[in-house]
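Lettered A, B, C and D in written order, each chain numbered from 1.
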Amino acid sequence: MTETGKMDPKELIARRCAAEVKPHTLVNLGIGIPTLVSDHLDEGMGVFFQAENGVVGMGRRPPEGMSDRHLTDAGGSFVSAVPGASTIDSAFSFGLIRGGHLDLTVLGGLQVDGRGFLANWMIPGVYVPGMGGAMDLVTGAKRVIVAMIHAAKDGTPKIVPECTLPLTAERRVDLIVTEMAVIRPEQDGLHLIETAPGVTVGEVRAATGAALIVTGDVPAMDLTRTC
Amino acid sequence: MYQALTVEEAVALIPDGASVMLSGFMGVGTPDRMVAALAAAGKTGLTVIVNDAARPDRGVGPLVKARCLRKFIGSHIGLNPDVQEQMRAGELEVELVPQGTLVERIRAAGVGLGGVLTPTGLGTKVAEGKRVIEVEGKPYLLEPPLAADFALIAARSCDYVGNLTYMLTATNFNPIMALAGRVVIAEPEEIVPVGMIPPDAVKTPGALVDHVIRRVA
Amino acid sequence: MTETGKMDPKELIARRCAAEVKPHTLVNLGIGIPTLVSDHLDEGMGVFFQAENGVVGMGRRPPEGMSDRHLTDAGGSFVSAVPGASTIDSAFSFGLIRGGHLDLTVLGGLQVDGRGFLANWMIPGVYVPGMGGAMDLVTGAKRVIVAMIHAAKDGTPKIVPECTLPLTAERRVDLIVTEMAVIRPEQDGLHLIETAPGVTVGEVRAATGAALIVTGDVPAMDLTRTC
Amino acid sequence: MYQALTVEEAVALIPDGASVMLSGFMGVGTPDRMVAALAAAGKTGLTVIVNDAARPDRGVGPLVKARCLRKFIGSHIGLNPDVQEQMRAGELEVELVPQGTLVERIRAAGVGLGGVLTPTGLGTKVAEGKRVIEVEGKPYLLEPPLAADFALIAARSCDYVGNLTYMLTATNFNPIMALAGRVVIAEPEEIVPVGMIPPDAVKTPGALVDHVIRRVA
């Protein structure tokens, strides 16, 4: 195993996702792993982070004592605003999302299926948090990346032939990034395009419920690359 | 021109069983004094339209805890165990609406449109039982307008003609809900003399506001 | 003829319309005669004038040299703003109009018919200015008053059994105010409720193409009354 | 971050035959420098989406006079004899749209909605050939979204991330059109350093703006 192979799985996923973020774009990061993505981006890239609650240009959590209850992220946590930030109402915020003005959203997932469809908002009878802004994000963002741990804790695949959990949208997501692999859903199915350092194609296949298309050699994730 | 009301006077206008829009996002930009007073007054059977259930002590939380609600219409309830519990017990009806659809349904009611044609929710549970309308070859869900008897608005500043400003992410649903309540009650952090808010800084014109809550003494 | 009977017909109409304006309301005045209505209102009434181009709280034309090209009415003329005015974008402005937030609009008319329907935006083949905001105003305002000269210059009635000109909306307007009469359209037809000073019911009937319902004595307009 | 363009560079981006949204109301809040440069460049076959035809020397007027337009989509043409004349001569196609419908159609395109359900125009010439959709027992006209290749925006202030402010009634269609142009070009009166426009004063976030026109030297 390489040095990066020992990386915390969530950190690895966040770092790989960061390489997908292009300079001067508008990006929305979901809660959980996606939130970590911004830690791996250079502040000089000119990326503006949007949050559903109405801020474009969200910055890091401010130092203790410098927070304000009028400036929070979509989870209600204190944030700061970068120079050039703007604040908008919820209709405008979802206008940006649904209207295709958001270049990228990185979201967590409960399941992704062979069609590239995502389920990430409820487990009937078990967990019903509500969809919040997820359905609009998956429907409207120019690019959707699902960032998630590859399999459930008990080993059950989260990448499945067809979602058994309620869908978030009928849209095919653009990329799935896990601690094991990078998978690109296309018209003909799920393409395995990278494996994590030290992980074999066979190991990814074993942990995946859906068929994976492999074309030639599958390169290892480059975790040093940025866009 | 308004005679500012006490929070108790304002809350007395709201009968049991009313539908109430409550602004705020995870409790940020929620009119907390009105929420507390509604809970204290022991209102019952309210239908609340609010983005999220926040947490038990934030946003709509105190109204849930005090069992003021019959129905909750919103996009997220994941961080409020009280809602989950009352929902499972059959005491609270919950209607989950995608957040962008929720705000557009409220806006549609407020600006006199007949509904929302949105791609959000197509092919999901949200689409069940709803009409799909095709426009220029693309399908959209038809979502109906959503109005309420009351809209409770948290403003940063207010003047005595009812003009409102909001601050940063405490804006969220406020300006949209202020369009869609049959009676609009604003709870500002401060009330300033008429003319002190520049016309371009007003986010809700006073013409939309029916009552203003007095400052804390 | 009384003193007021010698009043300029447009002034008379504007003055009578002014009596319909209630304190602390939001009012939109169309171009032409309706614009004159504000001259007859006390500035202390707390009436806010809205213009389609996005001002709530429009004031009079400013003194020479104090105008600004960023503050105009819907005709593009310089105006001022009263204390407590606000400016809004066009979507918000028509949101107020269509959404039923406008208490009253006073508009000019080409024809009004026995159903109370208004035509005021085009004469096919002759005059095609476009509807501007008129269709939204007539559809959305809580109350619509048509302020117009009773008959065309050649004596042709403008109040007709059924509009021959294209309708502005299918909505029954609330009141018609002319220099001869005040007429209230209702479900059962047009009720003649006031005549101008010195004008007889017979004269109004003669100048009107639609049937008028008269119940008992028809009082003369009170041109001193305000709301 | 933007490299501000000269007005000529910006206009060179717009090909003959393009559809162009042009903000302004009777010429107030219209990007006049871009209009003049488009006319001077002799563009042809443009479809312009604009509230009104203003007057021959104002707003879209110079583009009409220079015969740059193939089609005019707007709500009012009554004060521009050039439009009336070109329309009667069959040289200019005119589509008249009620003003509130026009702005909502533009907004629908900008915010990803499938169209507008409006009561405005029901039972009038405007309804001819259009679908009527009934929602909760009330009829509404279905009006399709309206996008354009370009949106030309007149701003008061702009910073170098493209955030825009507008002033008073020069706001009008600007913030809505800035949502609906595939390429958005802003012509500000002034360009200020990043961070000088408070977040709550921004009316169009820079994320919507593709190009900014340089100040007059």
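By our rule, a residue touches a chain if its C-beta (ideal position, glycine included) is under 8 Å from a C-beta of that chain, and two chains touch if they have at least 3 such contacts.
For each chain, UniProt lists the protein as follows: B, D = 3-oxoacid CoA-transferase subunit A.
Because the structure is predicted, anything quoted here is derived from the model rather than measured.
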If we define chain centres by averaging CA atoms, which chain lands farthest from chain A? Would you check? C
Could you put a whole-Å number on the gap between the CA centroids of chain B and chain D? 32
Round to the nearest whole Å and give the separation of the Cα centres of chain A and chain C. 56
In whole angstrom, how far does the Cα centroid of chain C sit from the Cα centroid of chain D? 30
Residues of chain A engaged with two or more neighbouring chains: 55, 81, 87-88, 91, 94, 97-98, 139-140
By the touch rule stated above, which residues of chain B touch at least two different other chains? 104, 107, 111-113, 118-119, 166-168, 171, 199-200
Inter-chain touch pairs (all): A-B, A-D, B-C, B-D, C-D
Write out the stretch or stretches of chain B touching chain C in their complex. 1, 107, 109-113, 159-161, 163, 179, 194-195, 197, 199-200, 202, 205-208
Touching chain D in the complex, chain A uses residues 24, 26, 46, 48, 50, 55-57, 81, 83-88, 91, 94-101, 139-140
Interface with chain B, chain D side, in the complex: residues 104, 108, 111-119, 133, 135-136, 138, 140, 142, 144-145, 165-168, 171, 199-201
Which of the residues in chain A come into contact with chain B in the complex? 51-55, 68-76, 81, 87-91, 93-94, 97-98, 122, 127-136, 139-140, 166-170
Touching residues on chain B, where the partner in the complex is chain A: 25-29, 51-52, 54-55, 58, 74-79, 84, 87, 96, 98-101, 103-104, 107, 118-126, 156, 166-176, 203
